[in-house]
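For reference, chains read A, B, C and D in written order, and residue numbers begin at 1 within each chain.
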Amino acid sequence: MIIVTKPGIQEAELDHIRERVESLGLRTHVSRGEQRTIVGCIGDEERLQELPLLSMAGVEQVLPVLKPYKLAAREFSAGPTLVRVGGAEIGGSELAVIAGPCSVEGREMLRETAFAVQDAGARLLRGGAFKPRTSPYSFRGLGEQALELLAEVRRESGLPVVTEVMDTRQVDIVAQYADMLQIGARNMQNFALLSEVGRLHRPVLLKRGMSATVLDLLLAAEYIMAQGNMNVVLCERGIRTFETATRNTFDLAAIPVLKRETHLPVIADPSHAGGRRELVAPLAYAAVAAGADGLMVEVHPNPEQALSDGDQSLSLAEFESMMRVVGELAGVVGRRLPATAAVAA
Amino acid sequence: MIIVTKPGIQEAELDHIRERVESLGLRTHVSRGEQRTIVGCIGDEERLQELPLLSMAGVEQVLPVLKPYKLAAREFSAGPTLVRVGGAEIGGSELAVIAGPCSVEGREMLRETAFAVQDAGARLLRGGAFKPRTSPYSFRGLGEQALELLAEVRRESGLPVVTEVMDTRQVDIVAQYADMLQIGARNMQNFALLSEVGRLHRPVLLKRGMSATVLDLLLAAEYIMAQGNMNVVLCERGIRTFETATRNTFDLAAIPVLKRETHLPVIADPSHAGGRRELVAPLAYAAVAAGADGLMVEVHPNPEQALSDGDQSLSLAEFESMMRVVGELAGVVGRRLPATAAVAA
Amino acid sequence: MIIVTKPGIQEAELDHIRERVESLGLRTHVSRGEQRTIVGCIGDEERLQELPLLSMAGVEQVLPVLKPYKLAAREFSAGPTLVRVGGAEIGGSELAVIAGPCSVEGREMLRETAFAVQDAGARLLRGGAFKPRTSPYSFRGLGEQALELLAEVRRESGLPVVTEVMDTRQVDIVAQYADMLQIGARNMQNFALLSEVGRLHRPVLLKRGMSATVLDLLLAAEYIMAQGNMNVVLCERGIRTFETATRNTFDLAAIPVLKRETHLPVIADPSHAGGRRELVAPLAYAAVAAGADGLMVEVHPNPEQALSDGDQSLSLAEFESMMRVVGELAGVVGRRLPATAAVAA
Amino acid sequence: MIIVTKPGIQEAELDHIRERVESLGLRTHVSRGEQRTIVGCIGDEERLQELPLLSMAGVEQVLPVLKPYKLAAREFSAGPTLVRVGGAEIGGSELAVIAGPCSVEGREMLRETAFAVQDAGARLLRGGAFKPRTSPYSFRGLGEQALELLAEVRRESGLPVVTEVMDTRQVDIVAQYADMLQIGARNMQNFALLSEVGRLHRPVLLKRGMSATVLDLLLAAEYIMAQGNMNVVLCERGIRTFETATRNTFDLAAIPVLKRETHLPVIADPSHAGGRRELVAPLAYAAVAAGADGLMVEVHPNPEQALSDGDQSLSLAEFESMMRVVGELAGVVGRRLPATAAVAA
């Protein structure tokens, strides 16, 4: 932490600042420039976090030097983390594509979708059981019945299952059925929920909040990891900006930025980022070209009949067609789709 | 709902759109303009929400006509709602000021703060027991012990108590102690939590999320009200924008906008909006001048020693001095502070 | 400037960084912490601006210590700057209210507006001659004819005239007529135009750009001042955010922030900030309560017939009624409206 | 245009609204729903733009049906527009890569860069002569001397030249030297400048403003086209959001959105979007994969010595290496780099 003082700070004010910092066990180092005096604080920066430095007389700016996350930081791990979910692996040379309906609406639509996306190269099945909806009057999912259907289709297809958990009280029941627990964008800073999924050792798919910076996302991952669960996959899904031509603004650059900052895998959700069916493929292509470790895509056998997110769901044929291009682009940047898919394609 | 079609839409496409809409029990009304054909949908617009209209062939735009919230809408209520919390009232001619420490740190600091803010004109006491923190390594509050201290100080001072609830599992315990439950900005779209506080009939202070539009805030209130709890107070506390000179961007205009859109009371939190002590007073003055029904302010006997939010907490003397001006401004716009405070001032 | 290096930086890299900095005439000061080594750069920080420090091997972060503006900084001036425009003064104890139509549409409407706003307490007359319009097909003002009408009404009323200049080639002609030149939000970073109005010594009203930070606004003022023109008044008029309930998001906190950062006067434009007539008054009240030095308000004798910005223009009666409250609020925060207005009210 | 009225609107108010609309030569069509009455306006919607509909009694919402741009709209042109710049073509099957230094700093660096980027597959040379800089104390370019150097290197290399024009007074001189005039992000709504470059028939590269929506960008293009100049190329270069990990937020989705909305070519500037050298390649890959018609990239023989934007400039070797991958990705999505480059690669 570096403390920049105001011009004309008095010695007593400077002494007071140093005393407060040193009382927390850090050392200070004063450097007098032509216009500003600077106090460097050496030691455990975290202890300074609670100190209201800006409220002390004579302080102009406080500049943190260290990153506030540790377990999620690149340096923490010798290499990139591979997260294993059932038989699938996220973060390796094989692109991990998670696909399926926004909501599980019934057995048949789920089975049909699962086998089709698997044939096209997806390695994991998504499907909403508990749905967060902006309006209290919207369809909110089939709940536990959907979890049972997901487990059933997993048995048949072998596809590991990813589904969202929205409430600390649901964590246990969801974990009984799902291979990977998803934390949605609106719950990215639901700290109670983050801690709760951290206590399990089930892989977690953590979606970036609509107003979360890359730093906030890494701190949310840190919450989970601080409980001992290192199996966290980050997901860029668009942020909220002034642009209204798309549902959210897909922050493509977050993918390479995150790949540099953390050892955790990073995937992209082109369905929510664009919010319109015709944008899903170009956004997916971009994410793969920029180095994403995988994709999460909403697919429905009949998007026009979908009970939620029909506007942004791909049909089975559209998904299959997109995956052909995804596979080719992956090849250019040193990745590949699963072998079976390559054959299918 | 109005559906704008693409130029050159075919009759079969138009028919299909009308059939889908009519199959949900609405009537349609086609109007052919010079460049676009428009389909007006008459009836229960809500049923159309799930229909993926944009994904149908020939559809260019979908324009909602009705507001997606009902119970929270101005028209729902004959007049402004008064929310009673203990002996205090929010939404009436008396300005409701909620003040107290960010976190309850101990009995003495809480008592000292409570009596001082009461003397200065506050009618409710705030104090954090469970604290949402961006970093898992920050102080997260004293928990139930803090709730007990709040209840104790309420007995002594008569000030009703407002405190945050962050987890569906904590709702019952917090409701045992608190007069008003606060939903923090990060949980504004934690729909499970909203439903849970909706089931109680305890007043709720709902803070606007960092990336929530005014519409999102009203829909979050609707979630609570849809469970039967009409005692909701909305709180503007700043949104996230590109500006970094302040912690958040205080959306002052949201106050008059909300006062027109809803019958619910609207207060402002100048402490979180600015994030710096010297901004609290000007933001509070602005909120009162613009018609806010109250304020929520962080106050600490010794901000430099605060365990959280010290940078934005007012000292007791600063709060008292701010409240004198607040009282005078309130008078200009037809409001007043509690009588006892007027005497004290 | 403080340079934070990456963990494990090599001595040769550190030496190279220091050499580059010292080659520009600054001194360096190395401080080795537990996890990071820090290089403090002492001397003329401005020279470092062009140095691509982030692109040097071993550099992790670069933290500027000094502010990049000088003439606009609070410290540059012994006290607040008073900008004199004709007989009016902006930045003193009298609130400076600039009012008039969005566009000058004709002699009669301009005269009627001028006398009415003067009676209500305005000290300067605004009126657009050259109008920036988002669409090329919108009304773009009467041009020089409007300038003549403004000068004519100034002669009759004594009100100094403020009007926008949009093109470096118009600066001379506009300066022949206007007492104060306005730089609109869309031109806040039109650096050629800033330099051009800087060469004149005519007062400048500089409106904040829609995506400009407080820092950007101060740097734009610095451009003008660097040419020798110190008569700059800053104007908050809303920024662009995700919120669509208002035309822009009025950044109320920018007013007190700017008052601390600079000696220049700061006014607010509640008309553009809200974009709707019914928001003008509450935003104006808030700005005055928060310490603004003045207001800029669109007023039209018949808003429904206005050729531009009719939705956000006040009628003469609405303006008069707003100004009564403005005068009372000003009194609470130690300001006042002109004496004649007080009588009129 | 569709006008949604308030519940309980009176017949006289409705009549007044219809009269005003019809007085402008449009027809109205009233549709009474269960909760709202709707007035459809049929005819030239543009004429309604100036009408302050929202300020009329009884009006709740105004919903535009038609797009406010025409010449730029997809429907205006039978197919995609090809913009020819010297021997190069933007918008065809060959990817148009524009590369060169941020600022022209001298003859040698410019020649070296030009031949290197040409060998790697670039078809146009960029180089700043007049530079917009946020601070008045930064290097602002060599001016006309730079234009001469650009023309000289064009003669030697055959590469057409793109350079920025910032001032209406510079348009003629820049047009004497440059093959394509660039309008920078900060001038995207400098309407005087847009009109001026519209009067020439020289191709224009129009960069998206930092706070411009896709719609604003298309309206800015419309300004140029309304003067008769149809040779406009749009450039996505990042928008301003709350995220600070990158200089701007690259709005990747704007590329496919624009490709659907307009017949004009769309390119991307990965250098400004990311602001950091290591992000240029991933952003460029993403843009190509998502369907961009070209790229604009800052390249410098020695980025560490660059007088501006050194942090985000690629070295010659980095550019060459990036272009190999760009070429392969282009192949996957049906594009290619120039043949000579393919050989070189």
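We adopt the following convention: contacts are C-beta pairs under 8 Å (C-beta built on N, C-alpha and C of every residue); 3 or more make two chains touch, one makes a residue touch a chain.
Just so it is clear, the model here is predicted, and its values are computed rather than measured.
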{"item": "Chain at maximum distance from subunit B, centres defined as averaged CA atoms", "value": "D"}
{"item": "Pair with more cross-chain C-beta pairs in contact, given C-D and B-D", "value": "C-D"}
{"item": "Inter-chain centre distance, subunit B versus subunit D - centres from mean C-alpha coordinates, in Å", "value": "39"}
{"item": "Whole-Å gap between the CA centroids of subunit B and subunit C", "value": "31"}
{"item": "Intercentroid distance (Cα basis), subunit D paired with subunit C, Å", "value": "27"}
{"item": "Shared-contact residues (touching 2 or more other chains) in subunit A", "value": "211, 239-242, 244"}
{"item": "Residue ranges of subunit D touching subunit C (in the complex, touch as defined)", "value": "20, 46, 49-56, 68-69, 132-139, 166-170, 186-187, 189-193, 195, 209-211, 216, 219, 222-223, 226, 239-240, 276-277, 303-304, 306-311, 313"}
{"item": "Partner subunit D, residues of subunit A touching it in the complex", "value": "211, 213-215, 239, 241-246, 249-257, 260, 273-274, 278-279, 282-283, 285-291, 325, 328-329, 332-333"}
{"item": "Subunit B-facing residues of subunit D, complex", "value": "2, 4, 7, 29, 31, 33-36, 38, 40, 42-43, 61, 63, 65-66, 75, 240-242, 244"}
